[in-house]
Amino acid sequence: MNAFVTDKTLAPAGELEPAEREELLRVDNVSLSFGGVKAITDISFDILKGEIRAIIGPNGAGKTSMLNVINGFYHPQEGTITWRGKVRRKMKPYEAASQGIARTFQNVALFKGMTTLDNIMSGRSLKMHRNFFWQVLWRGPAENEEIEHRRKVEDIIDFLEIQAIRKTPVGRLPYGLQKRVELGRALAMEPELLLLDEPMAGMNLEEKEDMSRFIVDVNQEFGTTIALIEHDMGVVMDLSDRVVVLDYGKKIADGPPEEVQASQAVIDAYLGVSH
Amino acid sequence: MFYREAGQFKTSYKADQALMPILQDRVGLTVILLIAFVAIPAFANDFFLTSIMIPFLVFSLAAIGLNVLTGFCGQLSLGTGAFMGVGAYAAYKLTTIFPDANVIVMVLLSGIFSAAIGAVFGLPSLRIKGLYLAVTTLAAQFFLEWCFIRIPWLYNYNASGAIEVPHREAFGVVVSGAEATPIVRYFIVLCITVAIAYLMANVLRGRIGRSWMMIRDMDIAAELMGIRPLQTKLMAFAVSSYICGVAGAMMVFFWLNAAEPSSYSISLSFQILFMVILGGLGSLGGAFMGAAFIWILPVFLKFIPGTLGIDVAAETVEHVTFMIVGALIIFFLIVEPHGFARLWQIGKQKLRVWPFPY
Amino acid sequence: MLYDIFIDPFVQMYDMPDFFLQVLWEGFVAGILYALIALGFVLIFKASGVFNFAQGIMVVFAGLTLVGLNENGIPAYLALALTIVAMGVLAYGVERVVMRPLVNQPDIILLMATIGLTYFLIGFGEFVFGGEPKQMITEQLGLPTGSTAIEMGERGLIILQHIDIAAAVIAVIMVTALGIFFNKTRIGRALRAVADDHQAALSVGISLNQIWAIVWFAAGLVALATGIMWGARSDVSFALEIVAFKALPVLILGGFTSIPGAIVGGLIIGFGEKIGELYWGGLVGGGIESWLAYIIALIFLLFRPQGLFGERIIERI
Amino acid sequence: MMNFKQFALGTAVALGVGLSGAMTPAAQAQDSNYVPLLTYRTGPFAASGIHIANGMHDYLKMLNERDGGIGGVKLELEECETGYNAQKGVECYEATKGKGALVYNPYSTGITLQLIPKAGVDKIPVLSMGYGLSAAADGTTFPWVFNVPDTYWDGASVVIKYIGEQEGGLENLKGKKIGYIFLDAGYGREPIPLLEQLAEKYGFELLQYPVGVKEMQNQSSQWLNVRRDRPDYMVMWGWGAMNPTAIKEAVKIRYPMEKFIGVWWSAGDDDAAAGGEGAKGYKAMNFSGVGRDFPALDDIEKYVVGAGLSSTDAETIGGTLYNRGVLNSVIIAEGIRTAQELTGKKVITGEDMRMGLEALNLDEARLKELGLEGFAHPMKVTCEDHAGSNPVFIQEWNGKKWQQASGWIEPMTDLVRPLLEQAAAEYAEKNAPWPKRTEPCPN
């Protein structure tokens, strides 16, 4: 089971207290707008190494935009992002990926024409290096590299219990399984920071339980830092170490789940008190 | 019943990743290769070789080239004809500059030039997508065609404005020019096509092939997973153009013997695109099936009435051929938008359970 | 060299203003015709999302039907009416046989289907009316054929073909009529609803099939008008097909869904390629008209991927 | 990973379809002479091609109907549609050559170029009557290619000579501007070397206006350029849809039509008619009869068109391009007849046909015998000269039909011939090793 654990995880991070943890990513005063529409206004928060950080808020609060900013898909007009202690310059999404940020998507964004196996293998793209000429020949280095990564992918397939759909084109899978494959694809990248955009949207209770278990396992066994967006408050309260709450592009609360739950601003936002 | 994969257990990832994990497919391929390499040369006449097999193989290769770009990487191109032309003109220039070099090597090298030009015209693909990109590839088509006409250096200042394939020998046999026998030309075309098809199958099942399909299926997700869109797309453009270039060079060197700029016009681009779509986007085998259909059907329609002794005016045959091809394209798109390759898979599915469908 | 590129052309324009105006006029007329073809594309794309490659061929097909019927002894106006009927039948047939079974297929499949339709129409048109180019029955239709020369200073002359003027007038009438049709009629409103959102339109009880047949018919009428005008300028044959490709860069400039875009785009391409060819083409051996339009469109797209009138695209995931 | 095995089916399909296709060109009739006609009645060049095709077909068909063929042996005719497309042309060639084809008339410079190297290998002559590769007139280098009665270079020299006559002598061409508008393909470019040489010699300025194959029907830019440059004469090398469009555009810019001269391929009746009233005065070169006052044409009407064996109607007989097609078939028929006489065989082969064409001697007496007196200038092929550089006349459009407007004008053979030989040598060098002539000379 530990076959694809990176050796970056020295201590089981989950057992450390927040204060002792090293900061992985910090967002400072970030604002983002499209044309005249402000999607995010002056938001700051941090993500500590090894924690599960939830981002919640009503629809249209700017949660997904926030994730897009973190993995370099949107570029904020103002503010800075600090990644592992260094202020990040404006970067392309693929650069963020190569620094160890992986994600899943609100609406499943699998590669529909490919099988489950190929989808997860695609997560290994950054780790494979044989160039075109080796690939053309196949026999030898390219084949060996493929087999080596196939092993790791098979570990993930075992971990997520999706052996039976290994060779099925993902377009034919039910929604819940697609979400699971998507998680597998992100895991195959061996990320330091895993961004999950509504991993449990549209799932039934049983599926949610499975998914929650996978998330906790990933966090605890491999020490992967996770930032997740979720609407199911129960799940959020159970899973997360800390929660940041957004509303209309602004941060209205930040802290441990219990604290946030009690905050008046959050209750207002969810109940729709007029601004 | 006969096509069963059950019971064929793979004991290693290596075996599971083989090109043809299933025994029946391997047998089938062997039979086809035997027919192609032994039976056809032994029994076919000149007409069959020069007017059916050689063009079929050349077009199959071109369709594989376009399939890499459109079928696997999702970038629609209408400039295939021009990229084939670049290969043809490059091969012509190479073999007239180095008359003693092996012309087969020159044909293979010529693809590099079309790869470079393909990559240049692939640059806009970073910002332009879908049908808009298709229209911009028309810029490549018309611009390159204009170059073939207006840059006399490309055709060695021939008064005719056409490239005429010179007599060349390789390995002691005449391989190009009018004296080259159909059988020799057939073998060269067959070997190059089969070799490139095999090598492409390798690329497509590995990391690079996957990265193309990632761009095709969801370019944004691919980028967020570390795929560099520009590099990946340009590589697809280059590889695709390389293959098309080699196909274009073979077209003039081993099939037509001479080519005017109009040989590489927009209608060639469409012809290849039809082959790819009807054969099945994203399928190497489909490229062969599409090429067979689009090339052989009109030849068939053209010469059948004469053989049957029916006296039909030549132009009527031509008009009817156009109608039939057009109608069949629509028909097949309606019946199976994923092409012959999908029909073949469905067929295999049926074979798997035959004769007990339930 | 630099002088030839940057100064000489403008000196020429200044020296021969009558010629420059003539070039502008030719560009204008060419632009109008490109715009008309593009208009047919836009109509269909707006309503069904189909990139109708066959629009160029429909232009020839309409013209050919008109002339072919007339050749077989049918009086011009009756032939015109019959051609309109034929375009209606074509629209209905296309909707029934091609569009309906292919609904919800990816863009490229629909595009290919229209290319298949192109082949079919070429074969069918030539099968029925013969493959040789034909003369447009300009006079029989009551269209003007003469020309007017406007003198400008000494030796200066601008020649205006009456048919070109008629083309411009008809184009304006068509665009206005389409504008009224879209904005003032029930079907027009339904069309716009479909263009905005298929699902929503369906849910308020608009029949997509009916709408599609109507748009194809409208595009067929535009094609007929274009075919007459273009046929009068040269002749009617499927060789025109290649000129019809020019509508594609026009669409890129104007956007696939914008009627004003098609017109402005058409004029930009028309002016651009004529001026480019006549003042700069000579520097590289001429004939740059064959690709200039595409390069203009390509460069334009690099800076404004959404086209002239399109809105800025925000990518979402 | 499924992809490669689909390759399997692809080839299988190809084979199945293909093998049955391979059976196609099987039967070879032994009691007739087989003449394939590579024609085009579709595509952008159909306007011209249809008339040529009808003329070619109808004359040979008439021989079958009236005389029972040539020398008592029927002709087996087969049209193959090329659409002026080189690929399809080669396909037609491959499909028909196995049936014992005697000669090929590709009617496209592009297809001709593809067939020239094959002709010697497959032993089937190519007859490109008044088109194709000018250098092929050199029979020593190109024993298998015939381009009677004239090459394009002969034609170009005649045009300049005629213009010189109009100006009162070639020396008066100095300082004049002559515009050359041409189809931008091998065909239209062929005369340029000679025209350039003439321009240098006589001191006129040659202005070139290429018309791309795709732009044939949209020539407004070219003619705007003509308007700006104001050339004294315009010479046209056009074909298909290019001709009527050019004439219309010339009328449009009010170019003086009497100073506009086309090659013999820009001499179609429809071409000129497209210009309407304004086209009056347009001129073109010609070497085949004008009108239909020839007994042989009456026979065509009687035996072929009247009998419903042709795809045309009686009205088109006598058109310039129709007559051109007839002349082409006369040369084929005479070639076959000569070959039969030379070999004593009734059913001949491509090799015999080559000899027949090389010994072709179409003199006035023979033309009269054929019912075609005055239909063409007498022509004779020699082993060295496969074109003959025969005289050409100028015809003028009077608004309704063509009328002969000059006597026979001799080409400037002294200029053309060295150029031809030089070009032939260059061709042989570029296509080394070009086979030396081994065929015996029948004369």
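We call the chains A, B, C and D, going by the order they appear; numbering starts again at 1 in every chain.
As a working rule, contacts are C-beta pairs under 8 Å (C-beta built on N, C-alpha and C of every residue); 3 or more make two chains touch, one makes a residue touch a chain.
This one's a predicted model, so the numbers in the text were calculated from it and none came from an experiment.
The minimal number of chain-to-chain contact steps leading from chain B to chain D is 1. Chains B-D form the pair with the most C-beta pairs in contact.
The most distant chain from chain D is A, comparing centres defined as mean Cα coordinates. In whole angstrom, the spacing between the mean C-alpha positions of chain B and chain C is 33. Chain D has its Cα centroid 36 Å from the Cα centroid of chain C.
A separation of 41 Å divides the Cα centre of chain A from that of chain B.
Inter-chain centre distance (chain A to chain D, centres taken as mean C-alpha positions): 73 Å.
Residues of chain D in contact with two or more other chains: 41-42, 46, 184, 212, 214. Under the contact definition stated at the top, the residues of chain A that touch 2 or more other chains are 73, 105, 109. Contacts with at least two other chains are made by residues 126, 131, 242, 285, 287, 290, 315, 317 of chain C. Put simply, chain A touches chain B in their complex at residues 71, 73, 92-94, 96-98, 102-103, 105, 109-114, 118, 121-126, 128, 130, 132, 135-138, 142-143, 145-147, 150-151, 154, 185, 189. Taken in their complex, chain B has these residues touching chain D: 17-22, 25, 28-29, 32, 35-36, 40, 44-48, 50-53, 55-56, 60, 96, 142, 146, 149, 156, 158-162, 164, 166-167, 177-179, 197-198, 201, 204-205, 255-263, 265, 279-280, 283-293, 296-297, 299-300, 302-304, 306-307, 313-315, 317-319, 340-341, 344-345. Contacts from chain C toward chain B in the complex involve residues 51, 97-98, 101-102, 105-109, 111-113, 115-124, 126-127, 131, 242, 245, 248-249, 251-252, 256, 284-285, 287-288, 290-291, 294-295, 297-298, 301-302, 305, 315, 317. Chain contact summary for the complex, chain C toward chain D: residues 16, 19, 22-23, 26, 30, 126, 130-133, 135, 145, 147, 149, 159, 161, 233-235, 237-240, 242-243, 274, 277-278, 281-282, 285-287, 289-290.
Within the complex, the chain D residues that touch chain C are 41-44, 46-47, 50, 184, 208-210, 212, 214-221, 224-225, 227-228, 240-241, 244-245, 248, 252-254, 270, 273-274, 276.
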